[in-house]
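Here the chain labels run A, B, C, D, E and F in written order, and each chain numbers its own residues starting at 1.
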Amino acid sequence: MFFHVQNLINDIVADEPDPAAANALQEGLGGQFGEMRTMMQYLFQAMNFRGPDGKPYRDLIQGIGTEEISHVELIGTTISRLLDGSPQYQGKPTDPLDKPGSGGATPLNIALDHSNIHHYLVGAQGALPVDAVGNPWSGSYVYNSGNLVLDLIYNLMLESTGRLQKCRIYEMTDNKTARSTISYLIVRDQAHENAYAKALETLGINWKSALPIPKTNAEKFPEVKKLLDLGLQSKQYTFDLGNQSQAGKIFQGLSPSNDGTELDASEQAPAGVPSVIAPERFEEFSPGLDPELLALIQATAEIESAEVTLSFGPLEKGPAIKPVG
Amino acid sequence: MFFHVQNLINDIVADEPDPAAANALQEGLGGQFGEMRTMMQYLFQAMNFRGPDGKPYRDLIQGIGTEEISHVELIGTTISRLLDGSPQYQGKPTDPLDKPGSGGATPLNIALDHSNIHHYLVGAQGALPVDAVGNPWSGSYVYNSGNLVLDLIYNLMLESTGRLQKCRIYEMTDNKTARSTISYLIVRDQAHENAYAKALETLGINWKSALPIPKTNAEKFPEVKKLLDLGLQSKQYTFDLGNQSQAGKIFQGLSPSNDGTELDASEQAPAGVPSVIAPERFEEFSPGLDPELLALIQATAEIESAEVTLSFGPLEKGPAIKPVG
Amino acid sequence: MFFHVQNLINDIVADEPDPAAANALQEGLGGQFGEMRTMMQYLFQAMNFRGPDGKPYRDLIQGIGTEEISHVELIGTTISRLLDGSPQYQGKPTDPLDKPGSGGATPLNIALDHSNIHHYLVGAQGALPVDAVGNPWSGSYVYNSGNLVLDLIYNLMLESTGRLQKCRIYEMTDNKTARSTISYLIVRDQAHENAYAKALETLGINWKSALPIPKTNAEKFPEVKKLLDLGLQSKQYTFDLGNQSQAGKIFQGLSPSNDGTELDASEQAPAGVPSVIAPERFEEFSPGLDPELLALIQATAEIESAEVTLSFGPLEKGPAIKPVG
Amino acid sequence: MFFHVQNLINDIVADEPDPAAANALQEGLGGQFGEMRTMMQYLFQAMNFRGPDGKPYRDLIQGIGTEEISHVELIGTTISRLLDGSPQYQGKPTDPLDKPGSGGATPLNIALDHSNIHHYLVGAQGALPVDAVGNPWSGSYVYNSGNLVLDLIYNLMLESTGRLQKCRIYEMTDNKTARSTISYLIVRDQAHENAYAKALETLGINWKSALPIPKTNAEKFPEVKKLLDLGLQSKQYTFDLGNQSQAGKIFQGLSPSNDGTELDASEQAPAGVPSVIAPERFEEFSPGLDPELLALIQATAEIESAEVTLSFGPLEKGPAIKPVG
Amino acid sequence: MFFHVQNLINDIVADEPDPAAANALQEGLGGQFGEMRTMMQYLFQAMNFRGPDGKPYRDLIQGIGTEEISHVELIGTTISRLLDGSPQYQGKPTDPLDKPGSGGATPLNIALDHSNIHHYLVGAQGALPVDAVGNPWSGSYVYNSGNLVLDLIYNLMLESTGRLQKCRIYEMTDNKTARSTISYLIVRDQAHENAYAKALETLGINWKSALPIPKTNAEKFPEVKKLLDLGLQSKQYTFDLGNQSQAGKIFQGLSPSNDGTELDASEQAPAGVPSVIAPERFEEFSPGLDPELLALIQATAEIESAEVTLSFGPLEKGPAIKPVG
Amino acid sequence: MFFHVQNLINDIVADEPDPAAANALQEGLGGQFGEMRTMMQYLFQAMNFRGPDGKPYRDLIQGIGTEEISHVELIGTTISRLLDGSPQYQGKPTDPLDKPGSGGATPLNIALDHSNIHHYLVGAQGALPVDAVGNPWSGSYVYNSGNLVLDLIYNLMLESTGRLQKCRIYEMTDNKTARSTISYLIVRDQAHENAYAKALETLGINWKSALPIPKTNAEKFPEVKKLLDLGLQSKQYTFDLGNQSQAGKIFQGLSPSNDGTELDASEQAPAGVPSVIAPERFEEFSPGLDPELLALIQATAEIESAEVTLSFGPLEKGPAIKPVG
């Protein structure tokens, strides 16, 4: 069973809209080696896992899989922010199409020659479950042979390829919004690569100096270096509310990447930052409420919610979460 | 950000393996109107949501989306149980292929003429991200126009179609394992239909006696009736750890399905039941550990885990979770 | 602009339901060489046609394309009839699921091991836009190079392949419902092959004795022979309401198939037979009307329709069309 | 059975070629919510319809489905016109590639950086059965659950989404060729939305002020306003040659969109305008006739056509249709 | 540049037709981890290879890729043999459909309920480029990141998964035709796994006892054991006519699978066995020659071929190749 | 069984990188009518061929199919060369990302707005198995009906369409690298068209002046004219090492294209030119070797290869092949 908290797993730095960067990031969301794929692959591997003796391995996969759902949320939100307002008239109080005489304007003409036209035509300046050339995500990407060693090797390769592609995306754009998320995911992919490499180490493979694969030297990317200095590549959270995960039996000891750090699985989750709801975009008819519908919605917003009975308690420690809107 | 607890959202009743039923359930997992689709659609709608005034609507969608991840886990596990051991020699301590002279046996020949051969050939008697005719799940299924009313109508239609298909699956098999999950999902789909119908009611649509759509009279299915009698079709959990969801502002008052119940959003989550790890299947080479690898794994299992620092505390109230394996 | 008349282009002989035959016929509907493909290919070729001098060629393609829409209707309806009632309790006045104590029955269990489970699970015992292994029809099938000679050669090959596949389907089943439509389409495919071959003949290719391709000797199939004796393989209708088609300038003279017949384009359309609406199927919840909804529908049925102003007049000559239902 | 008349259902205004606009319109032709989809969905729903009592509903769906074929023809032809001659040397009597010394020119180099290269490479400056990012149309789009209420709700949502997307396309381009068709389809989509909403109204749903969904205020688009003033959003033609349609029993009374108009189903079809055959494009080798082949084609054009026996008579009233070419 | 010799790379043992086994083998041909995929993946990796220093690695990949084309030929031919004559009337001199009075027979009715109906309907009892559930092979399977270490790890995983799936197919059928090819490919997959493992060993990874992955103990399969005893798992051919391959610099020394053998790259190619042309199948209209066409073909067969100028000489040593037919 | 020689089948002329041209050429590699398709189609037709009497036809198809593998290699390598270094800093000894202070650069930003972003993001400036709009190659393209005449007609149409598309690509770019390969393939496609046309001529079809189809007058393209003057459109190689091909029984006599040449099948293969390994690209991390890995690779390169036992002898006559790197 899964739970949610209204926090993003990492902060997204503000910058100008950038639809081309948004499109490149789609590979990291809906591409063959993106976050939707890692998430689904690990959830299937955890569900179908065989062999009670292997619980630490199952828990490791389950924990990373749970983190990947938060990565889908993070990179999807980042894409939305890069697209939001990209037709260049940000947040004006009135939409030109609503003014008398404004008829016939083309506020969305940017869509004709920028990256993925579906970002404006099918979605409303928001993320889509597709890759950077517009191919929809496919269930055929998920790999789950059922053989533990093979599945772990595949997962290692998957994280390594995801990191390689994100390093390439880093080299395509210096938009700060894009880079804050890409850099974070580069470091987390390396943490996951370390996790799978360590699991294979417990099964007898000696990586010597082969890791990380690939050797992208991402520490030369300034935004990445900051996160490496914090040691984020050597931490793995459990995201396990019942505190039953045995992943820490694997994720411990020296990092297989030979960077001198110790692997650390002693935290349940990072703090995160509160999520925010995006503004209206009239030219997309999104959410598309006329005054009458708006009044109805506001009436709903004034209703008092019932008190909720908690299974897992209110927030004890962790981030301060502020109400949105 | 998402969390996990090692509980299934609902119990799965034990019965004989049944690969044909497993295949029918694949539609409910990886089909166009299955749980992978509802999950992804709602997560994208929540990420891309526009209009801070609409927070109760966003929270409603986010909460149902979070529940759908647990439904993916539930129906995936159900499919795995229906497949597990279906080649008919369940849990024997030694695999015939491992015995001298056993060479040349065909323990997997059931795969040739039962439903989806990939259940044995690509997966290891486990769930796959495909529908009941083997088509992989596609990102093109996800609908998120950005227009609030349209998205809500689509979601209503989606839950209604999901329920219709599950009622048809109910009529295809009386395997108890299959039915326990199908019946639960029929009732939860109706709860979600009620949620979207109520949201549209707040936006001015009067359903009169049109709901539920379709009128499948599922109360005539005994397993379903038990759950309806518990009122599960009129509850919606928040699954929100920060206790910030405003979904209860919508999900309250009389059910739009006119069954006389009151909608209730006062619980964070159902109790669930502990999940279990599946046994080995030698004929699938899953997990495929020889004695040497097994010894390495057991060595790992004996390592002591580090103590985990908790953000969201250990389990306070809710189900007792027992260790697995 | 297109018009419709509530007639099927050919009669469908009654026989027992047969879901396996229905599935084989799906190839003729939604397969790569089926009727949806010919219809779409010719409509695109007609829309995109270049060269006013080539009007007779455009009209030939347009006319065959229009006929193909009626073939989609014919084979789709045939599949529906083969599926209708195939779970074996045809037309009983009351559905077992509606009777007290009938709960828990499995009236759709045939779906688990017969051909395409989607016929019962996604559709309601009706035709689907897929081929005989369940692959959805794809726009990538459509060929329209814009080069006239190439398009004509492709069309010839397409009709020939369609006929080859239908001859193979004929050899798979002797269900009379299936065969009445398959035999009709074998003969019409040959007429279309003759049309494209004749068009290529006007462009200088001499087929000598090469036609028909393939030489399936379908005259040895009794149901086909009857239609050949009527000369249906040498007729092409215009389906053109404005009577502007110049296709007859091509479709005339000796048949290129060397069967001694003369090609004849002097009829606007065949007579056809009235179409019928299928009965309810309770186990599919189709149409799924409860007594209250049924009363509303009947109230609608009693409303008097407005008189329609006609552009193309009421039926002058042609089939007698009787009201349905 | 279907018929054709050599008229487009609406006129296409002349303007400059515009390949980017052409590509945007592809979404309206081959996209998930485009005209190929509505056409196929309604034809399948009509073929598979269950319940003779529901004939007015079947006839409504059949009539709209027939209109959609004409919409495919209209938008496909519009795309072809937007592409035709877009490599910028329109209608010159001789092609540079045919002149001595012209060898090595690159008359198609526009294809390298404009929208969909397939418009020049696979097609010959003509429409393709794909969406605006080049994905081929898929049979998996078609929805036909067999449950009447669900199918009607889906159809309502489908028309609404189609209209939403077309309003967005309107905001992308002011090319008059593109806008004349897009505006017409916006209004006709609203008519179809009204039709399905009214059908649901007869089944008990009260839309109050919720319609139209979405509230795009398209009357602020000047080209759209002209058509709304003509009341085209409140008319539904039967396109039924046998004059048997009972759709008028549903499509009558006050419009559910609350614009004060009365729904009107009293016309068989709009007048339309004669279709025209596109000119040659030498650089595409389309139709690609050399002098010898051209002479053969002209010989065919001089043959006298046989007189056609009419089932549905020649054009009685309706548009004057002039010969083409 | 590639060359062909009319020899299969390994002999195919004769046995009864078996369409279910044929279908299982389709996974090994057109599945995600089948021979079409390995072939294409390695050809792309060889074409796109970067770094002249890495020539031995490029040559290793090129050599294995070339072998995979022969594996496509081998497994495709095996599938054809398993299908050939499976409708049960093998090689009769005359087809019942050709005899007077035989009309209306259903010689292909086996197609309705056996595995993949396309084997009889789209193909003519021959192999198809699809997997075991009928999904067409996709270019999206090919992995070529350009990073040498990643590509080698992927290739190792790919060979291991291919071998795992073939071991499962072995357990599904004891048809000798199927097993002779499956067993050969199990052993060759292991040779390729050894090759990639050894290449990674030269890059610093120490596999210790982890290989082979998975540990399927395929030596317990009698047909496999015979080939292991011949040491086929430790040989790699160059298939290089110019004798320029440097693959032997990698493929040498002790096998990384720890079976005590030495890797050996000293042979250009195995001997192979002559290929044979399949008989006619009248019921498939394949090749579908009537007496007139047959006479023309025989006239062609009597023409004397021109003498061919040889670049690579006639067969020097190697298998005796006998003429076919 | 297949063999390889480290030669390209034709030389590739050097010119500037050009990613847009590279993308257009992808249609010729991975498009529906590209070289991957012809290669696979002919290999399947050869494997599944029926009728020993037809050996000359089988051999013709097999020989052309073998040539197509070399065409895949040629056009893939051409695409790689067009992409290689296209981010504009060609072959600099040090990568800016490796220099202190260079952090944060965007050497791949060209990828954001040029043709297919996957060329930089998924591949490493190399060819991909996709078409010019990014759709992956699909096994559903392969046509193999089993009927000889139909297969030959399809193949003729396929070669003709391939040539038509390549003539259009020629008109899109004058990059010399692109044109050298496109021109060669235009002429070879015509040779293959001649081969299939001649085969159909032996079966009774008289093409008179219809060929070539289409009449693209490619002799007006200077690069093409040079190859036509060499008569390459009228030669067909056997690529058959055993010298058993009977294709020359068909490919002889006057060309069906009526250009006055004689068809000639007397050569085993063209000479070809040595292939070269591409340079490193640091910004793609390809091959991505750090100094430590590089040292290991060089150690491998110094190992002496074993002597290879030859089945088909070393190169006798034919091109001089020089070592690479």
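Descriptive notes on the structure:
Simple rule for what comes next: a contact is a pair of C-beta atoms (placed from the backbone, for glycine too) under 8 Å apart; a residue touches a chain by one contact, two chains touch by 3 or more.
These numbers come from a predicted model, not from an experiment.
Both chain A and chain C are touched by B, D, E, F.
The chains in contact with chain D and with chain F alike are A, C. Residue-numbered contact pairs of A-F overlap by over half with those of D-F, the repeat interface among C-F, D-F or A-E. Relative orientation of chain C and chain F, expressed as the C-alpha superposition rotation angle, is 180° to the nearest 5. Taking shared numbers over all numbers used, the chain A to chain D interface scores under half, which places it in the different class.
Chain C and chain D have CA centres that are 22 Å apart. Mean C-alpha positions place chain B and chain E at a centre distance of 40 Å. Taken residue by residue, chain E touches two or more other chains at 32, 122, 134-136, 138, 140, 145, 147, 149-150, 164, 203-204, 209, 214, 284-285, 288-289, 292-293, whereas all remaining positions touch fewer.
Listed by chain label, the pairs that touch are A-B, A-D, A-E, A-F, B-C, B-D, B-E, C-D, C-E, C-F, D-F, E-F. The part of chain C that touches chain D in the complex is made up of residues 1-9, 30, 36, 40, 43-44, 47-58, 62-63, 66, 69-70, 72-73, 76-77, 80, 122-130, 136-140, 142, 144-150, 202-204, 238-250, 252, 264-272, 277-281, 284-289, 292-294, 296-301, 303-318, 321, 323-325.
Those residues of chain A that touch chain D in the complex are listed here as 97-98, 102-109, 111-113, 116-118, 120-122, 134-136, 283-285, 288-290, 292-293. On the chain A side of its complex with chain E, the touching residues are 32, 135, 138, 140, 145, 147, 149-150, 153-154, 156-157, 160-161, 164, 200, 203-210, 213-214. The residues of chain B lying in touch with chain C in their complex are 20-21, 23-24, 27, 31-32, 115, 132-135, 164-165, 167-169, 171-174, 209, 214-217, 220-223, 225.
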